[in-house]
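Notes for the one structure printed next.
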Amino acid sequence: MNSYYLTTILVLPLIGLIIIALLPKDRVKAIKYTALIFTLASFALSIVVFCLFDRSDGAIGRIQFEEKLPWIPAINCFYHLGVDGLSLPLVILMTFLGFLSVLVSWKIQLRPREYFIWLLLLETSILGVFCSLDLILFFLFWELELIPMYFLISIWGSGRKEYSSIKYVIYTLIGSAMMLAGILSVYFTTGSFGVMEVASKIAIAQPVIPLVAMFFLLFIGFAIKLPMFPFHTWLPDAHTDAPTAVSVILAGALLKMGGYGMIRLVVSVLPDVARQAAPILAALAIIGVLYGAWVTMRQTDLKRLIAYSSVSHMGYVLLGIFALTEISLTGAALQMFSHGIITGLLFAMVGLVYEKTHDRNLNNLGGLARQMPVIVVIFSIAGLASLGLPGTSGFAAEFITFVGCFTSTAFAGIQIYTILGVVGVVFTAGYILWMLQRVFYGPPLDKFNGVPDADNVEKICIFCFVAAILLVGIYPAILTNVIRLGIEPIMKVIGM
Amino acid sequence: MKMLIAELPFIAPELTVLFFALLVILLDLFVKQKKALAYVSIAGLIVSAGFTISLWGASPNSIFFGTLALDPFALFFKLLLAVAAGLVILASQDYVSKFDRFQGEYYALVLLSALGMMFLTAAADMISLYVALELSGISLYVLTTFLKDKKSTESGLKYLLLGAVASAVLLYGMAFVFGITGKTCLACAAGILESLPINSILQNPALLMGIILLIAGFGFKIASFPFQMWVPDVYEGAPTPVTAYLSVASKAAGFAVITRVMLVLFGQPTWLSADWGMIIAVLSAITMTAGNVAALFQSNIKRLFGYSSIAQAGYLMVGLATVGMASTDAFAGRSGLIFFLMSYVVTNLGAFFAIIAITNKVNSDEINDFTGMIKRAPLLALALSFCLISLIGLPPTGGLIAKIYIFSGAVKVGLLWLVIVAVVNSVISAFYYLRVVKTMWVGAPTSEEKVPSSAALRVALGLCCVLVFLLGVIPGGFVGIAEAAAKIFNP
Amino acid sequence: MPHQIPWIILGLPFLSLIIIAFILRPFFNHRPRISGYVTITAIGIAFMLSIWVLIEVMSTPQLKLEIPSLHWLTIGEFEFSVGLLVDALTAVMLVVVTSVSLMVQIYSQGYMAGDTGYHRYYAFMSLFTGCMLGLVTGSSLLMVFLFWEGVGLGSYLLIGFWFHRPSAADAAKKAFIVTRFGDLGFLAAILLIFANTHTFDIEHIHELVLAGTLGGTVLTWAALGIFMGAMGKSAQFPLHTWLPDAMEGPTPVSALIHAATMVAAGVFLVARTYPMFEHAPAALTTVAIIGAVTAIFAASMGLVMNDIKRVLAYSTISQLGYMMLGLGTGGVAIGIFHLFNHAFFKALLFLGAGSVNHGTGTFDMRLMGGLRKVMPWTFATFLIGSLSLAGIWPFSGFWSKDEIVVSAMQNPVLFILAMITVFMTAFYMFRAIFMTFGGKYRGGAPSEHGHSSHESHGPHESAKVMVIPLVLLAIPSVISGWLNVTGLFSAFMGHGEVKHSFLEGFFGVLTHPKPLIALAIAILGILLAYAMYGAKWISAEAVGRIFKPIYILFSRKYFLDELYENVIVRAVLLNSIFRGLAWFDARVVDGAVNGVAQGTGAASRAIRQAQTGQLQIYAMTIILGIVAIAICVFIFG
Amino acid sequence: MTVGLVHYLVLSAILFSLGLYGVLAKRNAVIILMCVEIMLNAVNIALVAFSRYVTPLALTGHVFAIFVIAVAAAEAAVGIAIIITIYRNHKTISVDKFDLTKW
Amino acid sequence: MVFDIVFWILAIISIAAALAVIFLRDVFRAALALILLFLVIAGIYITLHADFLAVVQILVYVGAISILLIVGIMLTRDVHKGNPSGKFRIPAIIVGILLVITLTFTAINTKWTISDKPPVEKTPEIIGQMLFAEGGFLLPVEITAILLLTAVLGAIVLIREK
């Protein structure tokens, strides 16, 4: 049963990391290419896994590419990897972003060796979160991700980078601290650290603490990561001050850890509590959507703007999760992926604009469409995808989520919430178009004369993004057929 | 007498250390190359460790008429102490070589204190316990004062006087226990206590005071609130290697002895152990909070580690409280405690070794002088960061596993509230640990010149970091050891 | 006929888009005309095929083609599939869209000649046409919505085609957001319907409606939601404000998107889902009322505009209102018939306006005049269009407008409104004619895109490539109305059957009173226009002075833009609520976080103050600790 | 009433507290050291008293006391040594002057 | 009965001596008071039938420790400063009182298991047995030896100039 695909995917970046560490500081080119090769290899391998993935109905709820070795026998916790329909897309997403983030940071000047080391470590840790099926292992990777993030933001960041980085770490740690308590209480309730076992065992076991307490202990960590209103304020700071590639990964993959965890460890483990808590959490989700959008409208820093838009968009994920229907959960899962690539691209584009113009302030930018024709096109595509235009992944995801929520019977009045969510889409259109207009339209400004357009590396990178966005947008089934396998068993547990 | 001779092999580790201590003093008289002394002492510790391991199989029992216990618990701690002392000596060389006199005495005192702690961890009788405690104590007082400069002497005096008060208190507690039971041997006293016709601690104030006074006495050694205030001051003043030694060895020994005493003496009946378990739990919560919060804006690295070691003591006390809550359990809490100590010892030593090397160069304990250290001493800075990360409890280090392990025990016995306090505390701790890390990684170095470090120190540092890493990545084996070592001789 | 044909029709424009975007733009950037040819060919073929489809549909008894739908995705037991629904309605729309689009593309060859964004222009045009075709052929609400948004995008891109003009960028944004606002209703309706029927398939939904399983308030709300979408796209009051601004786009764009096709999509949507409205009378009434109000409301503003394109824009809005009125009172056939006619003559008028602009370099009618002689073709065709729009017998507009008026008669109020609108329409169209082509030339101005500065020497007739489409469009503007003289069109729409012979209907209509009234009123309007702007018997200024408040009200568009943009968006939302929230986020939500941090910091300093370095204090704490613990245990233990 | 265990205990308690007061209140380090000795003696009294009244036959208490005395001697020796060293550095032995290390 | 009277006398003297140690202005007098205290405590030991211990007390404390302390006083030449109280007098008193209350409370409220057997005479033999014979505290004795050695070593290290 042990096929070592996943381990390889996990380890490839580490190998690259070690090689880079051994390379001399000044061999920048070699360092970059090493990073590129290993992330690409990891991506390729994850695609292989995606292709080999068994999509038949027989595979519903079955863990595939499972690897299980004893790790700490004393507290029967294992080195247990595996993917199912829920995690596989996120693994793809991460390897994809990991590969592209190397391209995004191709021009990095400051201490490149350390930079790529941290970047690769970051990729491994996030992949680990999505792959691990043992709570302790999961938690380990969950925490591991903090270290590279801290260094990447506080060394290569901009602005109040030290404040933002420590804020990010502390905030996330608070969440994961609670989560640890939750995980332990789950363990002593069920006697198992197996992500897949606990769901079935917890129903029959005698809980050591009230299930509600357990629920919120687990939930809070993911809620902060997601981020759920009102725990979102770390996000704008972290995004604004992080280097581009890190913003890409942060928005693209890190936030998804929250949504993933919620589905995997909260909803499917404690469905009854989830059902009780659904109204409140859905309300918070909607607040997140609208509030995020409205606050976004006032932002003038491009990165900050997109960061707040993430708050708004992740609100849909939360809504989808706690509508507790199969469609809504699928929508949420799809929205995670779609938001991953869209916002990833948006940040990449902001990075480009910033790199060319050395300005991120909407009040100073303008008329760039003439100077950077390619960037304007791609940026617009990203923006339109983000506002949920049909044909882009954004539409598919949000539409499915809406359908799921609207048809949900989780609690009275969810239809109202859904409509409010739909209203949010208009505001999204508002700030996205406003942003595009501020940055690119209007008469060209002399101060930006001669700013270059995207070069080839950047073009490759952003075209990959666009391809992904359109692919998923036009044929979402490519993912939903996989996600289904992960969601349906959860629906059996929830029983709605 | 014959029997006595027959039992000598059982204290072979201690005897070895004693022998080498004396040997070092003698060699000091006519050895010019003082570094040799260090290696002699290390050799002694290695031999002693060897004996300890060879004794591992020995059936748990008490030797020397119940004054000394021979059980995995004691043996493990002897091993741990030997390792700690060895590493400290290894790392002390640069530092000590600055003294023009008394280098031999320095190593000898380290060995003697280690000897005292070894006895301490094995003491099964209040008398031998008290004497061993004083042995380790006195040698540590001297070591603290070793620099004989303003700060060092001040710390020495503080340590001595407060230590004396603490031991008087401890003694009073023992007196009470003795008064109730009429025995000084822990196990026998425990036997009497169980047979006492009381079902509430309030019916027997002497017993209560005994427990409290013992907790206070040992609490001083393990730096538990409210007996911890000496720690930052003494840590700041003492020679850095001694600070390292204090922060790991004396703490480890302290935990060993308090665990043994509490468990053996007050382990039964269970309501009793639950009572003191709760006392410890509350103290632990306060201790870690006090330590962490106080450390937040600390600018002197040694003081920072003083506070940090208080906080870590708090986490360790979670394990101790667990022991109290489940005194009948085979190794609940104890194994966690032991594993945490393993990780803590190597981590803290590693951190201190890096600090020793750096402070030796920059001649300052101020954190600000660590700025840009990653450029001046990449390896040292990296290692220090790694150890700090382990102290926070982030992967891939022993710190995380240790916390998970020790907290899981607490959750099991229903101390979830304490665990939550503890995890929130480790969040707070992240702030000041990361501040040090940030200082070293971000910002331009004050001067360009590299920070040198002797091969010995680098070896010690490397060993620690590797151990921290292994503890974090393949903890399985170590957990096995911890559980094996959790067996306390308990008739 | 192979059922791939509709798919091919749908695919062709996208094909040309891809060709332009990935082959021509990168590799043939210096040969812009090619992309024009590509687009024209693609749409030309599409047009042919559409004709074929139309014939096929007519020849089939149930007036629709069976086309297997494609499976898009499945979640649980829910199937999301996309397919084509080709019935009479679709067939007609296909022809309208492809034909007008074809004309416009040809015309653009001349109009856009030399513009830097030539490739981009045709790419966007293809994109739009494709989406429009998808919209009219979609068989499921889902697919309709997909392309519904798609045309919105096309419109956005093309309005903002000259993005370097702030006004254009603003207009584009406005158009997108306002229509998006309407789409909320549409999307909500889709969700509502799906929640109740678990299907998106339009025909299936209709069956359920007829079966009565979908009805009551749900149906009403659903219908209203759909209509809200339609209001957005078809610029119905009060969501009409974006359309006049949309004139910032190149004129051919206005002709295609904002006159003939996209803005008609709303009408089409209502027609498409008509059974739902039929079973939701309240909704249907709403449609009628909104339609009537919009008609007169927009017409009134059209009276005073000086920008020829804006006149046409308001007339478009008003005509769309008419169509809605027709749908609301008469039924699919009537509404769509007007749409059908309107598409041609309004496209014609816009292209005419564009041609005028090409000649004079301005859209401001006050700077034109006397073009009758210099631009004969333009004048002739423009006149035909205007007559048709004014509803003069026997031009096409007459026939459809007549039917609407007749059907509106069931409600006197609506009828009065309709009549007034007829009058106004006739008036402002001929006001435009007289100001533009009558009198003598009043100088012109630099054209809307800089390259045509060489044309500043006096007005002139436009190039063949622009005139030919005008002529081609003029023909249907005359005759397209005759299709329903015999009731053929209605019958085709499944509404009544062929009543009487052609001639009988053609002249017989003049014997009935109602059409005559309408006709009379229209002619009155024309005469008044002549009186004021042709012969100058009455001074327009004088009239303006007399009715100053009204004049201002009209010319300032009832201050709706101010209300929307300055009051609601800026004052209320951006500067009050959103600013407040931003403050709240920074100060309160984040403030709480930082507050906790600062609190801990304070605690830290306090604790460290206790660490005085006085060893006696330390000793004291030890003893106090012991005593305290003892007391605590005695109290709590 | 005849003197019993409790009397001795109370006496030791009083002496212990007096010694403690000395430690807490006096400035002179040597005096403080003396007071520590007083505390130890107080404990010894308790030990011996226990030995007399609880286990009259086994003299464990006495033995314990002997050890305490021995240790006390050692402590005093080191204590004095440290005090002398500190006097060399600070030129004073009043403990309230020693706050170089604080906060 | 005799013992009782002796006890009361000794108790009062010892407390007085302790107070003297604390409150005498002159350090030397304080030291002398301390010696007196030690002697009195030896007496108390005798009332407890611990004659051998009394001897040890006199030898070690009066003979050794007191001298040591006095030497300390000489060497630190702070005599003229006298024996002042620190700034923590009041809190110290409070703490002291609290402690004495607690301990007394404990002593009184505990049901000690008093055995009515008469105390053994000839303590030296038995103590000798316990210290050095089988089943005794030989090991602690050894450790104490090391302890004293350590103390000497430490003292030397500290006293001798750098």
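Which chain is which? They are A, B, C, D and E, in the order written, and residues in each are numbered from 1.
Going forward, contacts are C-beta pairs under 8 Å (C-beta built on N, C-alpha and C of every residue); 3 or more make two chains touch, one makes a residue touch a chain.
Fair warning: this is a prediction, and the values are worked out from it, not measured in the lab.
Chemist: Which chains are in contact with both chain B and chain C?
Modeler: Output, common partners of chain B and chain C: A, D, E.
Chemist: When all chain pairs are ranked by how many C-beta pairs they have in contact, which pair ranks first?
Modeler: D-E
Chemist: Of the chains present, which has its C-alpha mean closest to the combined C-alpha mean?
Modeler: A
Chemist: By CA centroid distance, what chain is farthest from chain E?
Modeler: Looking at centroid distances, C is the chain farthest away.
Chemist: Report the chain whose CA-based centre is farthest from the CA-based centre of chain B.
Modeler: Using the mean of the C-alpha atoms as each chain's centre, the farthest one from chain B is C.
Chemist: List the centre-to-centre spacing of chain B and chain D in whole Å, with centres computed as mean CA coordinates.
Modeler: 26
Chemist: Which integer distance in Å separates the CA centroid of chain B from that of chain E?
Modeler: 31
Chemist: Provide the C-alpha centroid distance between chain D and chain E, rounded to the nearest whole angstrom.
Modeler: Going by mean C-alpha positions, chain D sits 6 Å from chain E.
Chemist: For chain A and chain D, let me know how many angstrom lie between their CA-based centres, rounded off.
Modeler: Going by mean C-alpha positions, chain A sits 65 Å from chain D.
Chemist: Among the residues of chain E, which ones contact at least 2 other chains?
Modeler: Each of 86, 88, 91-92, 95, 99, 102-103, 107, 112-113, 137, 140, 144, 147, 150-151, 154, 158 in chain E touches at least two other chains.
Chemist: Indicate the residues of chain D shared as contacts by at least two other chains.
Modeler: In chain D, 9, 16, 19-20, 23-25, 29, 33, 54-55, 60, 63, 67, 71, 74-75, 78-79, 81-83, 85, 95-96, 98, 100-103 touch at least two other chains.
Chemist: Can you pull out the residues of chain B that are in contact with at least two other chains?
Modeler: Residues 127, 131, 134, 138, 141-142, 145, 148, 157-158, 161, 165, 172, 176, 179, 182, 208-209, 232-233 of chain B each touch two or more of the other chains.
Chemist: Per the touch rule above, enumerate the chain pairs that touch, sorted by label.
Modeler: Here the touching chain pairs work out to A-B, A-C, B-C, B-D, B-E, C-D, C-E, D-E.
Chemist: Give every residue of chain B touching chain D within the complex, in rising order.
Modeler: 126-127, 130-131, 134, 138, 141-142, 145, 148-151, 153-158, 160-161, 164-165, 168, 171-172, 174-176, 178-179, 182-184, 232-234, 236-237, 303
Chemist: Can you list the chain B residues touching chain E in their complex?
Modeler: Listed in rising order, the residues of chain B that touch chain E are 1, 3-4, 11, 18, 25, 64-65, 67-68, 100-102, 105, 108-109, 112, 115-116, 119, 125, 127-128, 131-132, 134-135, 138-139, 141-142, 145-146, 148, 172, 176, 179-180, 182, 204-209.
Chemist: Which residues of chain E touch chain D in their complex?
Modeler: 1, 3-4, 7-8, 11, 14-15, 18-19, 21-22, 27, 30-31, 34, 37-38, 41, 44-45, 48-50, 52-53, 56-57, 60-61, 64-65, 68-69, 71-73, 75-78, 81, 83-89, 91-93, 95-97, 99-100, 103-104, 107-108, 112-115, 117-120, 123, 126-127, 130-131, 137, 140, 144, 147-148, 150-152, 154-155, 158-159
Chemist: Flag every residue of chain D that touches chain B in the complex, lowest number first.
Modeler: 9, 16, 19-20, 23, 29, 32-33, 36, 39-40, 43, 46-47, 50, 54-55, 58, 60-61, 63-64, 67-68, 71, 74-75, 78-79, 81-83, 85-86, 88-90, 95, 98, 100-103
Chemist: Given the complex with chain B, which residues does chain A contribute to the contact?
Modeler: Those residues of chain A that touch chain B are 70-75, 136, 139-141, 143-144, 146-147, 150-151, 154-155, 162, 165-166, 169-170, 173-174, 177-178, 180-181, 184-185, 187-188, 208-209.
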